[in-house]
Amino acid sequence: MWRYVFSRLISVFTALFIIVTLTFLLMQLLPGTPYGNTDELTDHQIELLNQKYGLDQPVAIQYVKYLGNLLQGDLGISFKYAGRSVNDVIAERIGPSALIGFQGLVFGTIVGLLLGIISALKHNTFLDYGAVIVAVLGMSIPSFIFAALMQYYIGVKLGWLPPALWEGYQNTIMPSIALSVIVIATVARFIRSEMLEVLGQDYVLTSRAKGISRKKVIVRHVLRNALIPVLTMLAPLTVNLLTGTLVIEKIFAVPGIGEQFTMSIMLNDYSVIMGITLFYSVVFIIIIFLVDLLYGVVDPRIRLDGGVQ
Amino acid sequence: MKRFLTVSDLDVSFKTYNGEINVLRGVSFHLNEGETLAIVGESGSGKSVTAKTIMQLLPKQNSSVNKGTVMFRDVNLLEFNEKQMEKIRGSEISMVFQDPMTSLNPTMSVGKQIMEGLREHQSITKKEALDRAIALLEMVGIPNAKERVKEYPHQFSGGMRQRVAIAIAIACDPKVLLADEPTTALDVTIQAQILELIKELQEKLNTGIILITHDLGVVANMAHRVAVMYAGEIIEVGTVEEIFYEPKHPYTWGLLSSMPKLHVEQDEALVPIAGSPPDLSEVSEGCSFSERCPYAMKVCHKYSPQPTVLSKHHYASCWLLDDRAQKVKPPVEIGEVNYGS
Amino acid sequence: MQQNLDLISNDLFEPDPVVGKVEKKMKNRPQMSFWKDAWIRLRRNKGAILSIVILSIITILAVVGPYFSGHTYSEQNVLHSNLPPKIAGLEWLGFNGIDASGIDQYEARNLSENYWFGTDQFGRDIWTRVWEGTKISLYIAFLAAALDLIIGVIYGGISGYFGGRIDNILQRIIEILVGIPNLILIILFILIFEPGIISITLAMVITGWVNMARVVRGQILQLKGQEFVLASRTLGANPLRLITKHLLPNTLGSIIVTLMFTIPTAIFFEAFLSFIGLGLQPPLASLGILVDDGYKSMLLFPYKMIFPAVVISLIMICFNVLADGLRDALDPKMRK
Amino acid sequence: ACNFTGSEKTTQQPTENGDASASTDEGSKAQGQVLRVIEEDEIASLDIVKAHDTVSGVVISNTMEGLYGIDKNHQPVLAGASKHEVSEDGLVHTFTIRDNVWSNGDPVTAYDYEYSWKRTFEEVGYYTYSFANAKILNAQAIMDGEKSPDELGIEAKDDKTLVVTLEGPSPLLNYSLAFTAFFPVNQAFVEEVGDAYGTEYDMALYNGPFMLTDWQHDQGWKYKKNPNYREADMVKLEEINVSVVKDESTAVNLYEAGKVDLIEVSSAFIDRYKSDPNYSASVTAGLKFLRFNHNNKFLANEHIRRALDMAWEKESLTDVILKNGSIPTYFLVPDIAKAPSGETFRSLNGDFTGTVEEAQKYFKQGLEELGVDSIELNVLAADDTVNRDTAEYLKAEWEKNLDGLTINIEIQPFQSRLELEKAIDYDISLSSYIPSSADPLNYLDMWVTGKSFNRMDYSNPEYDELVNRAWNELDDEKRYDLMLEAERMLFDDAAIGPMYQDATAIIRKPYVKDVVHHPTLPQYDYKWVYIE
Amino acid sequence: MDHKDTLIEIKNVKKHFRLNKRTILKAVDDVSLKIYKGETLGVVGESGCGKSTLGRTIIRLYKPTDGQIIYDKQNVGERLSKRDEKRFQKRVQMIFQDPYSSLNSRMTVREIISEGLVIHEPKLTRAFLEKKVSELLELVGLNINHANRYPHEFSGGQRQRIGIARALAVEPEFIIADEPIAALDVSIQSQIVNLLKDLQKEKGLTYMFIAHDLSMVRHISDRVAVMYLGNLVELATSKKLYTNPLHPYTEALLSAIPIPDPKIERARERIILKGTIPSPTNPPKGCRFHTRCAYAMKMCAEFTPELKEIEPHHYVACHLTTAD
């Protein structure tokens, strides 16, 4: 086990290294400068700026320097938010993103599980079709539409919750719900499909023969065995939710990181791009790793360190 | 002895793409307290389905119980709803499923699986349940039970899994135990041990056992009475002696004579019953065994025989028992031969 | 059946063994492969059939719909801008040409012509644009599905089946692909490629299939140790056969569901690509773009968003019901 | 209500109405003289060297002050200086600094100006070009690397006396001095905090009507009235709460819910508010126009260019598509500044209009001259809604009206579009320009050969000469004549295709009074605002 | 049976499973035996003693931890070339113990049975396949009517027969039958056993027959191997083994065979093995059986007895016999 974790760690670092390297190189190809609109700067001035930020040096040297700073935990200074360190930018913005992402995930998973279970238990009845349609609408209509509708009707017309901004806990509710839509859809659909598969297995009969109620059978036996694909799908979703989503953050004026990322790419804010990419990749790799470990927890038959033979 | 489980006139059918198949056709039998009833018979004859019907665990989407009652004490289980059944299952009636590989949840440790039923029906703490689970595992002869409770089914051999399944079934001291081939995957010494265990349990709790098995040795050891099934019907019932020494149905004869005998030279071929079982999707006229029966008469192809009472416990459904039929002698081995080694 | 024993005449009691005499009657289902069998089962699923019908209608409308209205998707007439939908005879359904402030715009502007789905701000016919967009979005849907099936399933299959080091490497590659910001690649794409369907396709090739690969891998990891797989290995089945014949069929349920997620994601990914310049060239618009555009004026001109959204939802609901039907049909145990 | 910021030095109290479900009835307002507005982005920096975005511009111009300020009527007036003396030749300007203090109590001195201006050059601030435009001595040379920032034409004689030297007569100097780039900074403070200057509300000093008292990154910030401001008694607002909201419909919803008092709206929402009494549109000095690549084989032809300019209806674009009060333009210089005669630029020069029929004629002529019967052109547009819509509209109009023309729309993200434009790698580009002062010369200067804004290889020596003369003409009447002629010449050449003069559509609660909205950047001035 | 050709020779084969960091489960520990061409080797032993593991190791489903498996002069315990592997797979087949999980639930019986044929001879015509499938089904007591059904529609016994038909389809020369008949009723058991024997006679097949049913093992086997906790403890011709069991475990085993005669069965005495069953993760030192052996001596706990040929073709690993 530890050997596995260790060898996995090595390959994870390799992957991270490659991501950092490739992103660094690709980023160089982006058109334009990180200085925003340079309409009125003279060539000399741009040269001065490049010198100041070390961008006049060969890419290889810039890269080595970047890695050096990285090892010391320094992600550099933002170009757009002049003078602010990327560490700060990420640190300040990750909180809100993670909070609404986490809430959305939890809420979505719970509702999704319920829908999925209802669907599977009432297979091919109207309840099932109802749950299917709810889930499908959840995945085929983009979440920003739900967000906007919620904002208008709940926030403005009914006034139950603040329509936007980031002032208190109530502000987190609507964004979380909007984010949960896709989670609900994902969980509901996968749970339904997998549960149908599992419900036909013999051990479900065994547990029912023990006198366990259907509900408990579902919770203890069926769900767990139906979990693998849900986990697989939820992993990247979790990463995306926790690391922020552009539209929802924009609509609810949440000071999150998702919006920041797009922005910095559009503006060539190199250090922020690198910082967030790195951050995102680390979260992604960690979560995928956890999911892989979870595979083994959920289904002890799965052994990742073994090949076929 | 009290008769406390009575199955009468059970008809069960499955919908398949080949059409409807009538898997059980008028199955009736009863079980007394403290008694072991063995059900033997052709594979595919409906033994497992019978057991599942009693438990009401048939797959809902394609099976239907068309007729019949399952009286447990004085209630008809078939009229029970799911909630009521849940109370009964595991505590009053429990079942060991035929297949040990798939009947355990691969993602739950065996200990948990045993504890689950315990905690459902008895108000005990987790710790107590765990201790009981370990004790049960030891009882069914799993070495090192303390450690192995934490393991998962895939880490157990087939026989060990079967024993786990038995442990689950007997965990709550059920009144009726439906054991569907509980020892097929076990070697003889362990089998003997398990059978002993079941017997002890029976004596202690006066449990009624329905033992489904192919192993006539086990039947001889365990059963008080034997029911022989063929193609969804019970064609002969009797005490174990009656079935072994005075079988009356040609199918029973066939079964008994197809066993290997320890004293017979091994080069001698075994004597299987000729032909293959009938297609249950067709409603055939006459006796379902008629096409394979060497003693078949014209009537057998036309009318299905009714049970004939042969003694207090012994019934058989065969036209040969009709007065008008020629008397035939069962094959030589039956009833006369000593099986000693 | 209690027969009267006396009715049975004595002559019936003559021996008449038939063992070995009668040939077994062959009442056989026609020989069917798994797939054919599945198709037959699918045909019995009303929901699935209805979905196929609706999808066919949508596909047909996508092809011929634009010719019904007498407008092209790009024909612009600012005098007719922002007209609400109006269909003669369907006024009671809301197709009455009355806008959010209760004015019949057709009367107000003295128009005799009806726009079935209304018009956008350029006065373009939304009906035509919706069907034109459906064509593109359907293409995107199929493209996404194809990528998922071709790249995702194979990739995941190989990764899960071979496991160990190969799995490790393949999974790290996925992590790298996901880790590198998509947007950077897309911006570089915009610089290099002409915008259009091919560029969309390329952009989707990068990571569109990743979820599928992971789902398939997860399932196969779970399945590959099962005895039926071992049995087939002892028969000499090569990995290809094992994966395609044994592992994937048992993964189909998840594959289908995953596919159903890829499709809407792809439809809106295309809209995003088009918006930043890699996708379609305006005024050509896909359903995703129409929804995105309509969203901005959702409260004032709801019809601009509703029609494309309804078509997307309808397509997706049909796909999903069909997928569920397919999943049931592909699972022999689910048969009724 | 709790705060969800990562920052620990938060001092923000939840606003009274920050609590959800507080009051949602329309028109609910904050208590007292509090204005609630939104900005669509975070403040990039409070440092005038680093900030060159509109948001920072508004914050800086409301919290700091330079030698000149802009009055209610958008005219430059003395602000940080109490006196402005000009030498005979117009090259040496001597300012007397008014008594004023920084928010830490230090007096504002002439040295602060000198330090600030030179610092801008040292640190390569974006707005150095406006020093060059203002003809501050050596500004251009420093930008080109020929001189050092030290040699900039500014010198503090003593605390109160500041001497600015020019390279030549500068008709736009006063306007320029009101621009944020020319503001002072407190040397001691800047040197003390170093790189952190301008990154937090307490990492900057203020000498303007307001000062920042809170800044939650990406969420918003808060201004409070500056009690030490020289004209503090004129400032009525006690507090301004700014929230960062990037989505327009969100802004509208916040306004509807009574959470903010003033928002800008655009096309889709204008339909909704057009007839609302709280709606108003004010034109800006921003100009949207078509750049024709004069190197392009087809666009090198004057007739083709003229046809492209005339062949579409500008009114429909502004009235039906944009709807925000933008004015269709048949000219280069909008009607903002007035000539000395009191007449406007437009009334003097008239419109350069044409009809679709003429356009078709020109186009045919052009095709004949080129010897082709069809041409295909790309239109480069940025990836925002307005530009896309405009491009779509143009494509449809052009293709409808000009036979043989095929238009491809090429959408590019902001940076890419900029790079392509700079490299003159496009056919037609949708461009915009907003000057830092509304003088006609700013608009005309763009098309001088080799100027960075030219970016389309238009070159007409006579035109260059005219503009150059206007730059050096201190007599306003003569200067206007030169400029009028230059504009005519530009349209003679059909060098560009003007589209419209931008406007900002605003809705604000009726109790918000006297919001001043300047046509040039930075637009919002809160100095005179009060709540009724 | 003196001069038989060896078909397969197993030399010191070990198969250990690593359960976790510290625990290693020695499922098969140092087993050596030969299987001759045309014979049936019965393998019996306690459940969990490693019979299936041994079988699976022989058929290359598991890579042996140690030791050699020489099949027809070739060591198949190591990597094989593609061609050799394919050849091996056609020659050796396995009938799996579990009739439930060993059939792919998404394949029809036809597909399951014909898979081997399709793999090894891809060019077969449909008609031929159909005929072959039909033959095979008849052979195992099913019929072509069943060909279109899916495994879950069958009873346990029926599934087992499908598994047998699958193994027979490629006409192997060596079949490892892992409890092929446990799930069948006696009539069909005898049918299958007859079938296996007929095939053996006809085609000279070799079987490794793993079973718990000792009477059936006796009936079918030429020689019988008795395993205990991963070790081979006794190996002899079936006649010798059943008449003269030398190992105490074999003795206990034989005494426990249930006899299908109620009177005898109930009156009978059995050797009941005492003591707890040791675990393969931590097998006892010395003779692995000593913890439960009625005759255990001091040395049994110390030294591991070697498998020795006590009389011709009768091997035992017990200090009792070797001590004589």
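Lettered A, B, C, D and E in written order, each chain numbered from 1.
Just so we're on the same page, a contact is a pair of C-beta atoms (placed from the backbone, for glycine too) under 8 Å apart; a residue touches a chain by one contact, two chains touch by 3 or more.
None of the values given here were measured: they were computed from a predicted structure.
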Item to check | Shortest chain-hopping distance from chain C out to chain E | outcome: 1
Item to check | Common touching chains of chain E and chain A | outcome: B, C
Checklist outcome for this item: Averaging each chain's Cα atoms, the one nearest the global Cα mean turns out to be A
Item to check | Label of the chain whose CA centroid is most distant from the centroid of chain E | outcome: D
Next on the checklist: Using mean CA coordinates as chain centres, what's the gap between chain A and chain B in Å?
Outcome noted: 54
Next on the checklist: Please tell me the distance, in whole Å, between the geometric centres of chain B and chain D computed from their C-alpha atoms.
Outcome noted: 90
Item to check | Distance from chain D to chain C - Cα centre to Cα centre, in angstrom | outcome: 48
Item to check | Shared interface positions of chain C, touching two or more other chains | outcome: 24, 27, 29, 37, 187, 191, 225, 227, 298-299, 331, 333-334
Checklist entry - Which residues does chain E have that touch at least 2 chains other than itself? => result 98, 100-101, 143, 145, 148, 152-153
Checklist entry - Going by the touch rule set out above, which residues of chain D reach two or more other chains? => result 249, 413, 416
Checklist entry - Along chain B, where are the residues that touch chain C in the complex? => result 15-18, 61-62, 101, 154, 274-276, 279, 281-282, 290-304, 306, 319, 322, 324-326
Checklist entry - Which of the residues in chain A end up touching chain D in this complex? => result 30-32, 35-42, 44-45, 47-49, 52, 77, 80-84, 89, 91-96, 99, 148, 151-152, 155-156, 159-172, 250-253, 255, 259-260, 266-268
Checklist entry - Which residues of chain C touch chain E in the complex? => result 24, 26-29, 31-34, 37, 226-238, 241, 245-246, 249-250, 252, 330-333
Next on the checklist: Show me the residue ranges of chain E that touch chain C in the complex, using the header's touch definition.
Outcome noted: 56, 59-61, 85-86, 89-90, 92-94, 96, 98, 101-108, 110-111, 115-116, 119-120, 130, 143-145, 147-148, 150, 152-153, 163, 166, 170
Next on the checklist: List the residues on chain E that touch chain B in their complex, please.
Outcome noted: 19, 44-49, 52, 97-101, 141-143, 145, 148-149, 153-158, 179, 182-191, 193-194, 197, 212-216, 218-220, 238, 242, 252-254, 256-266, 270, 272-273, 276-279, 281-282
